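Each structure below is given as structure tokens.
The same subunit A turns up in both complexes below, where it pairs with subunit B and then with subunit C.
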Partner chain A sequence: MALRVARKLAGLVATLLATSFIIFGAAYAAPGDPVTFLAGGKENLTPEYLAAVRAQYHLDDPFSVQYGRWLWDALNGDLGRSFQYNDEVLDLLAARLPTTLGLVAYATVLFVVIGVALGVLAAVRGGRTDSTVVAGTTFATSVPPFVAATALISVFGVQLGWFPVAGGGSFTHLTLPAITLALGAVAIISRVTRQAMVEQRELDHVTVARASGLAERLIVVRHVFRGALGPVVTMCGLVSAGMLAGTVTVETVFGLSGIGSLLVGAINTHDFPVTQAVLLLMVVAYITVTTLVELAQPLIDPRARIERSRA
Partner chain B sequence: MKPDSPVLRGEPDVGDAPSGPGQAPAPPGQAPAFPGRGRRRIAALVGAGPVGSRLASVFLAVVVLCAILAPLAAPYRPDAIDFAVSLSPATPEHLLGADQSGRDLLSRVMYGARTSLIGPLVLLAVASVVGVAIGTLAAWSRGWVDAVLSRVTDVMYAFPGLLFVVLVVAVFGNGMTTAVLALGLAYAPTIAKYTRSIAITECAKPYIDAYRVQGMGSLAICVRHLIPNLARSLVGYLVVLFGEGLMSLATLSFLGFGAQPPSSDWGLMVKEGQAAIVQGAFLPVLVPGAAIALVVVSFNVIGVRLADRLGTRRL
Partner chain C sequence: MLLSVEDLTLEAGGRRPILRDVALQVRRGEIVGLVGESGSGKSTIARAVLRLLPQGARVSGRVLVGGEDVLTMDDARLRALRASDVSMIYQDPRSSLNPVRRIGDFLTERMILTLGRPAAEARSRAAELLAAVGMRDPERRLRQYPHELSGGMLQRVVIAAALAADPALILADEATSALDVTTQAETLALLRTVQAERGLGMLFITHDLHLASAFCDRVHVLYAGTVVESRPAADLFADPRHPYTAGLLGCTPELGDPRPLRPIPGRPPSLDDLLPGCPFSPRCPHAEAECETWAPRPVAVEGGVAACRLIPVAVQERSPV
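Here is the complex of A and B:
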């Protein structure tokens, strides 16, 4: 058990190093001199400015030293200065992170509740309910979030006027974005739940419970759903981890000022320090959460403990 | 466990699919008669099957025809500006209305079908060449080569969503070419993983050993026999990926990273039409948005059906 955790954590560190290396090294893959690229454009190329960029990135050092310093600085919270906002990148992130995290949390609540409910409903009811849910989720995964977002804005924002069209700050401002973000996730979770429930239902202990006259509701809750919980929880964790990346589109459509829209703005204005920092943050969060979810699996599902220790 | 694994859950079933060309060891020197039969099979799929996939095929055929015949069939040039009909609703002159600059939406969506369909096609071509090569190499050589390739693809998987593509765009600049190539690279690991899983079962079959005993080189066996036999399973997978690729590419165009104005790429059309929503004109967003959604749904429906029929998924 301890060995497994240690191996997972070592893998986590290795992946983090590899991805941070890619994000750092990307600047050097750009055509031309990295200074020009990092400075973000041609118009601000005064010699003093270039010298400042050179100093900030330690461009005169060997590549490996630069990477080491950048990583060390990043670990210590120094992510450099934004060329566009002329502000510490860390401050920019700190100011915008609450919006994004609120959005992700809101969407997570939505997709877990609705997704699991739909999945259970489809598995228990079967028949027409089942095929409706399956068809609905197939359609939901085929609509890109930005199209769904514009549809939601048209209907609920403009025509019905129930929700604000753009901007952020309050719970109602986050409702349509959260629904958009949750839409694809609901489809995934309800499918996983349905599949896991259907598989569990066929098992012998469920038949025994049914034969001994247990009420169907109790069978579903205590035996079928309990058994299906492992894959469902794992999938919920993985999907919500991936949501941080999903905010890039959603925040742009709804004009929310979170880190997703910060990333899009940074790319369009060639603000590479901000781009690097947001990407690093999103990737680190994603990798960390997915690893934690994998580690937590045996806690949710006792069967995973046995299978793992055998393997 | 990675988020994509449920999709691949059917992997072990691949090997024992009925009536596979590789099932009976092909007589030496005679290539499996896949291509012709495959084409006829796909044609049969389009004609037969449940209403859903038939409708999807007809719809896609119409879209492809629109894309090909756009210069002949479109009522206007896609960039013909006419401010007199700015944000016009659907009228006999402009069947699907017009956008802010008075450009005819029907014409734009027809021309847009070209970039919106060719983009995913190229990206899948890039992704399949790279992915199938890596996957086959990993499955064929196993050992440390396999381990190294798996690590590399795992690192690619560590970037959630489109973030890898976003990084590439940030470095190499916005534009359709960058977006398509970056997405192609981003999709390669998925295809590599899938190819590896089906190639491993295929490699264990006796006909591979038969060719080897004859003294045929590894490369020749892989290119002439192994990969053609994998093609059957790969096609169903690629059809679903096509829908996904179209969606990703449209998303990039929407964010401003892909197609640039005055292109009438569907993603870009939604981006440009967004401003008109507040003025109560929904057509500039609705038309391209619906086009994207319907095409992706169609590809998914057909992909699932293909996968079922070709035995990639158990019925």
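Here is the complex of A and C:
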């Protein structure tokens, strides 16, 4: 057991190390010289001034030295200063994180509730309901987020005026962005739920429960849905973990000031420390959520506990 | 009559019906065997008693449990019948239990959710039942999951669950076939004990004619969805009257029997084989041309019936007149 945990932790550390290297390397290799942005984009700068800036930000050190320094600082909680805002990156993240987390949480609640409900409905009702749900969710996945966002804004924001179309800070501001973000996820989750339920329904123990006189509604809840829970929870976790990356488009379209739009701005202005920090945060969040989902499996399926203690 | 199946015919898409004019009775306190090769329709009969029919099946005939027709009763009555009058025991105990629920949940589910007993009462009853089927430390078993128990233990759990509602009729569908020999013997002994103690009627399904003759009072032999012979176990074993029954007895090895094994030639029919006459005629060593068009019907023989065209002749030949 202890060995298993140790192995798991070592794996996580290795993954983080590798991704941090890739993130740092990508930013380093990106075209364009950050110095011109650091110097404020002024014309006819003297070479001496540029050299001073380069020295201040250690831009002339070899790659490995720069990476090592960045990693060491990051481990000590120092993510550096933004080139663009001249603020601590940590402060920037802290200021913008609540909006993004709120958005992701809102979207997660939406896609879990609606996706699972649609999947259960399709599996239980079958026939017309089933084909409608499948067709609807297929359509939903085929619409790119920015198209969906535009449609939602023009209908619910502009024409009906139910929701504000831009800006953040409140629940209603987050509604349209959350719907946009949840749209594709609803499709995935409803299909996974439907498929898992259909598979579970065919199992012998479900017939056994039916043969013991249990009402159909209880069979669905206690056996079919309960059995489908494993794959559904796993998929919800994976989708919601990947959602942080999805905020990039949605926050930009809706003018929300969160992590996603921060990343877009940072990339456009060659703001390396911010870019690296946001990407790293996204990876850490993804790994954290997927690890939590994996840890939750034995709670859902007792057979996983045995395999664990044997491993 | 506890269970009376009358003229049960069931079609589900194949070229021939899965069951054809099946007739079968089980009295209170009686163990009735149902024997046949795999695919002959044994499970379909047992499931029809609980109205668990294949998708899109067309059924005719009657399945009377305590005089009520299962095939036509309303859903509420059907659920009540499944919950308290008839219990089924299945071949594979491991797939009969939900793998993510505890043994205790499996045992109490029926009592709490369909019979409306209080949870605490159901739980102590579940422990009693586990003790009754010979399991030690029942309280601990209730908290365990199916994967923590052996196949034989699980079959005991399934039997305990079958007894939970004090049913009058038990359908045991190959209840011991998936178990190893010693566990099989223990499970058979247990089934016999609970049956005798409670005076249950039991439909005992197996593919093993020897086992059926040893365990049951009467035996029905099923071939391609048709009951070909139906007689007291001892008579059937000593003097099989249908060529298929004789063939089944002839192809199982027996200690001290010098005769060579005689497998039944040919293969069991599938649902795509059209069998207009006697279903066994293509494989029957005594078949005549007329057998291929003779619609099988029960002919009275000693102690019961057999569905063979040649029987009247045989009876005449043997009668000492």
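We take it that the second predicted complex is superposed on the first by the 260 of 311 C-alpha atoms of A that agree within 3 Å, B and C clash if a C-alpha of one lies under 4 Å from a C-alpha of the other, contacts with A are read in each partner's own complex, and residues count from 1 in each chain.
Quick note on the criterion: a contact is a pair of C-beta atoms (placed from the backbone, for glycine too) under 8 Å apart; a residue touches a chain by one contact, two chains touch by 3 or more.
What you are looking at is a predicted structure, and each value in this text was computed from that prediction instead of being measured.
Engineer: For the overlay on subunit A, clash or fit between subunit B and subunit C?
Structural biologist: On the shared subunit A, the partners fit.
Engineer: Touching A:T15, do we find subunit B (first), subunit C (second), both, or neither?
Structural biologist: first
Engineer: Is A:P302 in contact with subunit B, with subunit C, with both, or with neither (first, second, both, neither)?
Structural biologist: In the superposition, A:P302 touches subunit C alone.
Engineer: Which of the two, subunit B or subunit C, is in touch with more residues of subunit A?
Structural biologist: B
Engineer: Tell me the contact category for A:G227 with respect to subunit B and subunit C: first, second, both or neither.
Structural biologist: A:G227 contacts subunit C only, not subunit B.
Engineer: I want to verify one number. Taking the Cα centroids, what angle sits at subunit A between subunit B and subunit C, in steps of 10 degrees?
Structural biologist: Taking the centre of subunit A as apex, the angle works out to 80 degrees.
Engineer: Would you check which partner chain A:S131 touches, where first means subunit B only, second means subunit C only, and both and neither mean what they say?
Structural biologist: neither
Engineer: Which of the two partners, first being subunit B and second being subunit C, lies in contact with A:D204: first, second, both, or neither?
Structural biologist: Touch status of A:D204: second partner only.
Engineer: Touch test for A:L214: subunit B only (first), subunit C only (second), both, or neither?
Structural biologist: Only subunit C is touched by A:L214; subunit B is not.
Engineer: Looking at A:T172, would you say it contacts subunit B, subunit C, both, or neither? Reply first, second, both or neither.
Structural biologist: In the superposition, A:T172 touches no partner, neither subunit B nor subunit C.
Engineer: Minimum CA distance, subunit B versus subunit C, superposed model, integer angstrom?
Structural biologist: Between subunit B and subunit C, the minimum C-alpha distance equals 19 Å.
Engineer: Would you mind listing the overlap between the subunit B footprint and the subunit C footprint on subunit A?
Structural biologist: Looking at subunit A, the two contact sets are disjoint.
Engineer: Under the stated contact criterion, what part of subunit A meets subunit C in this complex?
Structural biologist: Those residues of subunit A that touch subunit C are 203-205, 207-215, 218, 222-223, 226-227, 300-303, 306.
Engineer: Considering the complex alone, what residue numbers of subunit A touch subunit B?
Structural biologist: Going by the criterion above, the answer is residues 15, 18-19, 22-23, 26-27, 29-31, 37, 138-139, 141-147, 150-151, 153-154, 157-158, 165, 188, 191-192, 195, 234-235, 238-239, 241-242, 244-246, 248-249, 252-253, 263-264, 266-268, 272, 275, 279, 282-283, 286-287, 290, 294.
Engineer: Touching residues of subunit B toward subunit A in the complex: what are they?
Structural biologist: These residues of subunit B touch subunit A: 1-3, 6, 154-155, 158-163, 166-172, 174, 243, 247, 250-251, 254-257, 267, 270-271, 273-274, 277-278, 280, 282, 285-286, 289, 292-293, 296-297, 300-301.
Engineer: In the complex formed with subunit A, which residues of subunit C make contact?
Structural biologist: 47, 50, 52, 79-84, 87-88, 90, 92, 95-101, 109-110, 113-114, 145, 147-148, 161
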